[in-house]
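Presented below are the structures under discussion, each in the form of structure tokens.
Two complexes are shown next, each including chain A; its partner changes from chain B in the first to chain C in the second.
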Partner chain A sequence: MEKILSQEKLREWVDALDDCEVYAPAFADSVWNFARVKAGADIDLSHTNTIGSVKEFAFPQREVFFCFEKKDGVPVLTPTLPDPKPTVVFGVRPCDGRGMPRNDTVFNKEFEDPYYWARRNKLTLVGLACNQPHSPNCFCQSVGGSPHAEEGLDILMTDLGDRFHVKGVTAKGVEAMERGRDAFDAVSDADQAEVEKVHATSRSHSQRPLGNLDAIAEAIRESFDSPLWADMAQHCIGCGICTFLCPTCHCFDINDEVINPTTGEGERVRTWDNCQFPDFTMHTSGHNPRGDLGSRLRQRVSHKFLYFVENHKTQQCTGCGRCITECPVGIDIIAVLERVGQS
Partner chain B sequence: MVNVEEIRGYAAGLLEKGEVKSVLGFRRGSASAFAEPCTLIEASDAASLVWDPTCLNNLALYLVKDRKQQAVSKTPDTRPVGIVAKGCDSRAIGVLLQENYFKREDVVVIGVSCEGTGVVDPRKLSAKLKGRTASRVTFDGADGINVSVYGDGTETVIPAREVLADRCLECRAATPTLNDVVFGETVEARGYNEPFHAAKEAEKVSEDERWANWEHHFDRCLRCFACRAVCPMCYCPECVVDSTTFVVTLGTSAEEKANRIRWCERSANTSESAVYHLTRAIHLAGRCIDCGECERVCPVNIPLRLLNTKLEKEAFEMFEYQAGHDIEQASLLSSFRDEDPNSFIR
Partner chain C sequence: MTDNIYLPKIGRIVGINEETLGARAIKTFKVEFPNGDGFEHNCGQCAMLSMFGKGESMISIASSPLVKEYKQFSIMKMGRVTSAFHAAKIGDFIGIRGPYGNQFPLDDWKGRDLVFIGGGVGLAPIWPVIQTAVARREDFGKITVFYGARTSSDIMYEADFEKLKASAEVQLSVDSPEEGWPGYTGFVPANLMDKAPTPDNAIAITCGPPIMIKFVIQNLQALGFADEQIYTTIENKMKCGVGKCGRCNVGKDYVCVKGPVYSWAELKSLPQEY
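Take a look at the complex of A and B:
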């Protein structure tokens, strides 16, 4: 389904989704991030990219698995499977959209994660094509994506200035469009021509190249023991920015959090974890197989451009560039891959 | 004006003569318009050094890293390290010396005067550009910061005081007091704002509003620990907020591991993140030298500097103490003077 939506009628469509929780990018605290939209009039799609990725809607930083307590001396477990309202997220950039099928694979391939899917199944992702890159660190096209890629999105919107072209990509997306059907107009031949032109122009902007991704995977495989990793991680501070902001990083930790030590009441909780933290691979013996920052940088890069490819036949990076832009010391995954490729 | 060629020449000289094993400085990076840290080993590398208001990092962090590496190395390289340091950065080195983290002869401080200007705050720049990226940031030599906006290539000039880091606006010592050499003119800070201006402004708000504000920020915290990781004073090998709150060795018993105390859960929620940030702030009282790195690196822009300058202000008002200003002085928490206020002891 393809439709035209005027800028003014965007709010009408959003208001028609009143039984859903609607999120969209908002500029607050000097940064774009997803925020709850209470009324269609609040929506502002002039964003660059959000600091947090869309993964957190299916894989929140904190997920309670179950509650536990002691009743008459007997431990009682209460499951807490999430049951969220249908959630529609606007303004999802195509790089983040492409991240979601990669996360779906992780949470589905060997084991269907009920917590992830309880949220994911209720999620409708409304993408917004990037008419031009937001930052010099955007590289979606270098990892097989595009500024108007539909993969992972339920709807793709394209900004045509005074109006949007809106394409329902999945049945879920078409259904969300049906809900606001009065807001939409038919697509004319001129509209169609313009969308194609905008998309073609968006692809023509230069992005940093990565070269042959198969060759990169091979180069990483051969560089496992290379001193390059330690050199490239020389200024790494070992924080979690790169992985927490990444649309495809999905590692987690599970802990029991005691609420009341007397009654034994508490929760088993899943939280995001991070291969850049020293305790990520810490063994109970005290031995740490990835005891230095070089081996942790190698893990992050290898997972995205080698291991994930071996396991799932695609890169686990969609070129959003957050890890480059937000790194406090300028560690640049493209520069890293270039150096590994040249070694 | 600082002549960067002089810094390059000096750094190259140190390396050539073998007086240092490396020089920590700034170079242009591929990731952004802001400079990135570099470690020079060869004198010929010195040509890559840069100096301008995009040299944000406090490189003293890497002196700490070097010390930690030496501690675990079987053949530690104990030669001194050269470091390019702004006024604030030199105070960090001062605190590390006061705390005996290393010795004065272990470091060659290549001081650079900010000449009353300072560095640009990427957060303020982002606010000006509504999240868009700057592809070039330069100082116009007077009162303006020239910015090229990525994408459409727009060039704008922003008044310096609108995008300089808060600490630079309130700077009390733009010239490194601890140094082996200083480049640039020794000028007074411009005094855009009085010392502790931001902290004093924040104090004007009612306690309820302040708490609501901090709850809002703690709630947004991702617990990426970048603020701790970037802080040269957060050098503890074990941290109360980590899942492993003590150093596990082969000799650590199963019981010790099982009975470890978790002071702070991993959940990034308001209460746990408040515990983390307030604990960190308290541990930096009398030690924080206001380099503002914690606030700069925060990906969600939590105004962390306010927490630390508040305590810095207390230390100054109660004990006339300024961290890192005088390395001969005993550190605040390990000294007592008869005239110290003691009204809080009941």
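Take a look at the complex of A and C:
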């Protein structure tokens, strides 16, 4: 389904989704990030890219798996599976959209993750094509994406200035469009031509190049024992921001949090974790398979451009560039891959 | 409804055996499922054990899959969760989820000699294989079990070794000299070289401290064992057990799912990151 939506009628469509929780980028504290939209009048799609990725709608920073307590001396576990309202997220950039099927793979393979899927199944992602790169570090086209890629999105919107072109990509997306059907107009030939022109222009903007992805995977494989990794990680402070902001990083920790030390009542909690932290892989004995910064940088890069490719035939990177832009010490995954490729 | 992969079943400790004493004592826990929701497992698989309020640890299932009534876990006192286990009493409840991981391909080894080489608490992951092989004694050729500990009081499953001698050759060792010690004195890899089991039609299965495994494999190769004849089981830190949390990987493999059992032929093709 393809439709035209005027800027004014965007509000009307959002208001028609009144039984859903609607989120869209909002500018606060100097950054764009997803925030709840209470009324259509609040929506503003003039954003660049959000600082956080859309992954947190299915994989929140902290979530409780179950509560534990003792009744008559016997542990009683109460699972806390989420049961969210249908949630529609507007303004998802195509790089983040492409991140979601990669996360779906992780939370699906071998064992289905019920917490992830309880949220994910209620999620409708409304993408917004990027008419120009938002950052000098964008490289979606270097990892098989595009500024108007539909993969992972339920709807793709394209900003045509005074109006949007809106394409329902999945059945879920079409359903969300039908909810606001009165807001939409038909697509004229001129609209269609303009969408194509905008998309073509968006693809023509220069992005950071990456080279042949198969060659990169091979270069990583061959560089496992290279001193290059330690060299490139020398100034890493191990803060992990690269992975927290990444739309595809999904590593997590599971811990027990005691609420009442007297009764032993508490919660088992999942939180985001990070391969850049030394204790992430440290055995209780103190032995650590990835005990230095170099091996941890190698793990992050290898996971995205070699191991994930070996397991799932695609990169676990969608070129959003956040890890480069937000790194406090200037570690640049593209520069890293270039040096590995040249070694 | 999808199974909740993170929700443990309730287990009850019905037996505790003090294997070894000291700062890093080992106790063996016999665990039953009071709610009748126990699971079957294969040799080499692990389970994620909980002490509610302390957390979870991945522990090898040390009992044979042929034993259906309970599971056994030999746990060294090391960190928060294992220390909580060491403080536990008979009748205490634990959480248990699993089984996780692959298995030793025992069925592929019919008719062959089996050489087991264990060190320290590393005996636990290969113990179910030994027990199952002995229970199916006619399926295999000669069975030899090498096991070494720091001192004679650090030998686990001591009483079981006595029983084992009826169906297998047992070669025990201690690291340093002890008065009256009847077995070998020295490290496990050296004892292996001393007894020099033949590689002909044999499979070697080893587990122990990483440094022991390394030298055992070197020595097995020196004895003529091919990479495909050598099996080990490795562990890394694990949290989820289901191939998602991202920390136990060796290269592309999540050990909790693809491992923990590898032939040396398989393991040497992966990065040395364990």
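In this text, the second predicted complex is superposed on the first by the 343 of 343 C-alpha atoms of A that agree within 3 Å, B and C clash if a C-alpha of one lies under 4 Å from a C-alpha of the other, contacts with A are read in each partner's own complex, and residues count from 1 in each chain.
The criterion applied here is as follows: contacts are C-beta pairs under 8 Å (C-beta built on N, C-alpha and C of every residue); 3 or more make two chains touch, one makes a residue touch a chain.
Here the structure is a predicted model, which means the values were calculated and not measured.
Student: Counting only touches as set out at the top, which of chain B and chain C does A:Lys55 meet: first, second, both, neither?
Tutor: A:Lys55: touches no partner chain.
Student: Just checking: does A:His165 make contact with chain B only, chain C only, both, or neither of them? Give me first, second, both or neither.
Tutor: So A:His165 meets neither chain B nor chain C here.
Student: In the overlay, answer first, second, both or neither for which of chain B and chain C A:Arg93 touches.
Tutor: A:Arg93 contacts neither chain B nor chain C.
Student: Regarding the shared-chain residue A:Asp253, is it in contact with chain B (first), chain C (second), both, or neither?
Tutor: Touch partners of A:Asp253: chain B and chain C.
Student: Answer with first, second, both or neither: which of chain B and chain C does A:Ser285 touch in the superposed model?
Tutor: both
Student: Regarding the shared-chain residue A:His148, is it in contact with chain B (first), chain C (second), both, or neither?
Tutor: Once the two structures are laid over each other on A, A:His148 reaches no partner at all.
Student: If we overlay the two complexes on their shared chain A, which of chain B and chain C does A:Ser295 touch? Say first, second, both or neither.
Tutor: second
Student: Is there a shared patch on chain A that both chain B and chain C touch, and which residues make it up?
Tutor: 253, 255, 273, 282, 284-285, 287
Student: What residues of chain A sit close enough to touch chain B in their complex?
Tutor: Listed in rising order, the residues are 27, 29-33, 46-48, 51-52, 61-62, 132-137, 234-235, 237-241, 244-245, 253, 255, 257, 269, 271-274, 277, 279, 282, 284-287, 324-332, 334-335.
Student: Which residues of chain B touch chain A in their complex?
Tutor: Of all residues in chain B, those touching chain A are 29-32, 34, 36-39, 57, 61-62, 123-124, 126-127, 130-133, 135, 150-151, 217, 220, 222-226, 228-230, 242-244, 247-250, 252, 254, 257, 265-269, 293, 296-297, 299-302.
Student: Flag every residue of chain A that touches chain C in the complex, lowest number first.
Tutor: 65-66, 68, 73-75, 77, 79, 81, 106-107, 109-115, 117, 224, 250-256, 258, 264, 266, 268, 270, 273, 275, 280-285, 287, 289-290, 295, 299, 302-303, 306-307, 310-311
Student: For chain C, which residues count as touching chain A in their complex?
Tutor: 2-8, 10, 50, 52-56, 78-79, 82, 93, 95, 210, 235-237, 239-240, 242-252, 257, 271, 273-274
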